[in-house]
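The first chain written gets the first letter, and so on, giving A, B and C; residue counts start at 1 in each chain.
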Amino acid sequence: MRAQSPVLALRGVTKRFGGLVAVNAMDFDVAEHEVLGLIGPNGSGKSTTLNLISGALHPTAGTISLRGTPITELPAQDIARRGISRTFQLVRLLPSMTVAENVMAGAVFGHRRRWGGEATAHAEAMLERVGLARRGHLRVGQLTYIDTKRVELARVLASDPKVLLLDEWLAGLNPTELEEGIALIRSLRDEGRTVILVEHVMDAIRSLCDRCVVMASGTKIAEGGVSDVLSDPEVIRAYLGDEDA
Amino acid sequence: MDVIVTGLLLGGLYALVAMGLNLQYGMARIMNLANGEMLVAGGFAAFWFYTAAQVSPLLTVFIVAPVAFVLNWLIYVVFLRPLVARAKSRGQLEVDSILTTFGLSFVAVGLMLAVFGGDYFSYSYLSFPVSLLGDTYGANRIVAFCAAVVICGALWLWLTQSRAGLSIRAISVAPASARLVGIDVRRLAALSFALGGTVTATGGALISTFVTLDASTGVLFTLKALVIVIMGGVGDVRGTIVAALLLGLLETFVASVIDPGLTLAAAYLLFVLILLVRPQGLFGRAQT
Amino acid sequence: MRLTNRDWNALGLSALLIAVVCCLPFLTQGYWLSIGVTIAMYAVLATSWALFSGPTHYISLATAAFFGVGTYTVGYGIEVLPYWTLLPIAGVLGAVLAALAGLATLRLSGVYFVIFTLGLAEFIRQIITWVQNLTGQRGIYVLTSITESHIYWQLVGLAALVFLTGWLIGRSRLGFALRIIGDDEEVARHSGIHTARAKVLLFMVPGAAAAIAGAILAPRYVYIEPMLAFTPMLSFQVVIMALLGGTGRLWGPLVGVIPFTIIWEAISASFPNQTTLLLGVSFLVIVYLLPRGFVGLIEDTRHRGREAQA
């Protein structure tokens, strides 16, 4: 029974901004240890969906539940404490703090809360995990672009989340960095983490995701195994149509 | 009945003053906490012209307006534009402009104290009674109210009909997109700030015909104007007018029924109520 | 967290400084002691103000409201209760008022908060005046045997308490949460920080401190009336002193309080009508010349010195 019940479930989740329907009746489940790709053309509502799950926005209708408990109306901080942790589309670090302190923010206040020496040690371990061992003393401003992304990922991991939301984490990386980035996310996958990946990079989706949900104009147009979904004519039309425009 | 008419007459002038603040906050994005001092300065000018040369406050308005326009334009360009330029975030600009306009407000009070001293000043202009709907009211209140209505109306027409007015409203709704369609946001922000100051100063000249002012009363008017702007909705002309009339009514009611010393307390309670119940303003749509 | 040697040194040095400062009444009475009282009072008010406004960037003008509440607690309570019980009562009342104000406004933008806090003192003042008019009373006498020296020691003690609180908060999860909120509130929320609760909790510190300060000073006034207890100038002076010193460090506001109090006293003695102008100019100086206060100036100079050496 428990094995079948999804970690995260969306039912009829809808978000309207005035007259615009940004997300329309989204339904999908994320199973334990699954890496789910959330893809679709620009403006199709992927980031809004992520914002609804993380509590940055609240849906106009529908329910979101974490292990069967509804979290639809909870504020962002409570959702974070219950174990859903996210990165931001444009990296957001804490500019006045060191790299280690940035990561500690996740360790101290997140799903599993630590303090003092335990938090420091955990933050250091997370930095090592993302490939930034012994760089904790650096200022955020001294980092390269991919390293800022690594710090953000380390902050998210430091809270021991049940579900990780990565919002275009691979966007803007150069080819070498991209390889490193994909390897890093693959290692998360190998650890058995539950991840929702909003991505544009198709190679990454093919090699990382178990399943995909495809969105266009706020609606789910396909769901299933990656290769099936990507060869679906409607998905191809959604993408090509977007590129023609 | 008496209370209602007096309240509406007062509310009309509040509408004018608050419209000035709303132009500055809604369009130029500067919360000008020195707004009340501009009002008092306008009142001083009317007082001075009337007592020295017997110039009617209704004519003084035509001197006050251009002077206030230039003065406010200079204040924007010299003090506020550099803050807009250096601000890294909306929050930082907010803190900086609050501190700066508080500073300017104190400087203005200090200067007015130095020039005019700390006395209350009032003069009697058109202070004969007029009968209206069975009660009598000061002619100055009625004249000032009519002048305020005319100015408000002209301003509303200009905002809704003219090209510049339309652009200003565009800035208040979406500053970034306004820039994209070729609106010179920098210039128009200065324009609306200057215009806002002008409207407030004009309102001050009119109010001084029936309200006693002194150098340090400015902050009370700033508070009232803020309550009106927040209640009516930032950048919302119609809301400002309705909120101003409501506040005028409330104050007159409290002053005549409970105690004249409680008018500000009543305005403040109204403000708190609005914050708790409708922080987006009377006619504002809920933020998502 | 365990205390390091550096922490012990800082604590020891602070204790020594407080002991030295406490000697003032033995050296002088009269003018310099009264300056000492004023400085100690503003040290309490500005430091506790900065504890909240430094990390949150909310400008609170509620100091006068809290202060007045404290003064009136003693004014009304002195007939019924012993003086020593009134100080903690004032503190609790100030903290409760701060919590209510915080709950009403801290979710909203900073401008609303400024207006709300500015109006708060005026609101309470009008209500008290009204109640007094109804009962035919003008002011209240607070007659005690408390001397200027006692007031001074109490204020120094309160200042020490505020510093200790600030230091403890700085080392606590709350302090860490506030630094994160100060940097990026969105990240704070998504990291699991209850931002509104943290801000309200923190706002209770200046609320309590200012109310206790008001209570301590009540015997000094002897005769209390609303205009005196709730003077809005107090709130503005506190903002200026704290920002002039700098809110980035716990000791920052103190660096602003001492020179500003002395200059202020000198100017209001010789040019009483120009204090408002001085207040205005100080605001402008802070925004345009000293955005991080003296603390920023000191740190920049040190930084430059270190670079020159390297």
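Observations on the structure shown:
Keep in mind that, in the parts below, a contact is a pair of C-beta atoms (placed from the backbone, for glycine too) under 8 Å apart; a residue touches a chain by one contact, two chains touch by 3 or more.
All values derive from a computational prediction rather than experimental measurement.
With centres computed as the average of Cα coordinates, no chain lies farther from chain A than B. Of all chains shown, the one whose average CA position lies nearest the global CA mean is C.
Averaged Cα coordinates give chain B a centre that lies 32 Å from the centre of chain C. Each chain gets a centre from the mean of its Cα atoms; for chain A and chain C, those two points are 43 Å apart. If each chain is reduced to the centroid of its CA atoms, chain A and chain B end up 48 Å from each other.
The touching residues of chain A, counted against chain C in their complex, run 54-56, 75-77, 80-81, 85-86, 88, 92-97, 104-106, 108-111, 113, 115-116, 155, 159.
Every residue of chain C that touches chain B in the complex is listed here, in rising order: 57, 59, 104-105, 108-112, 114-116, 118-120, 122-123, 126-127, 129-130, 133, 232, 236, 239, 243, 273-284, 286-288. Residues 1, 173, 176-177, 179-180, 182-184, 186-195 of chain C touch chain A in their complex. Contact residues of chain B toward chain C in the complex are 31, 33, 79, 82-83, 91-92, 94-96, 98-100, 102-111, 113-114, 118, 216, 219, 223, 226-227, 230, 259, 261-262, 264-265, 268-269, 271-272, 275-276, 279.
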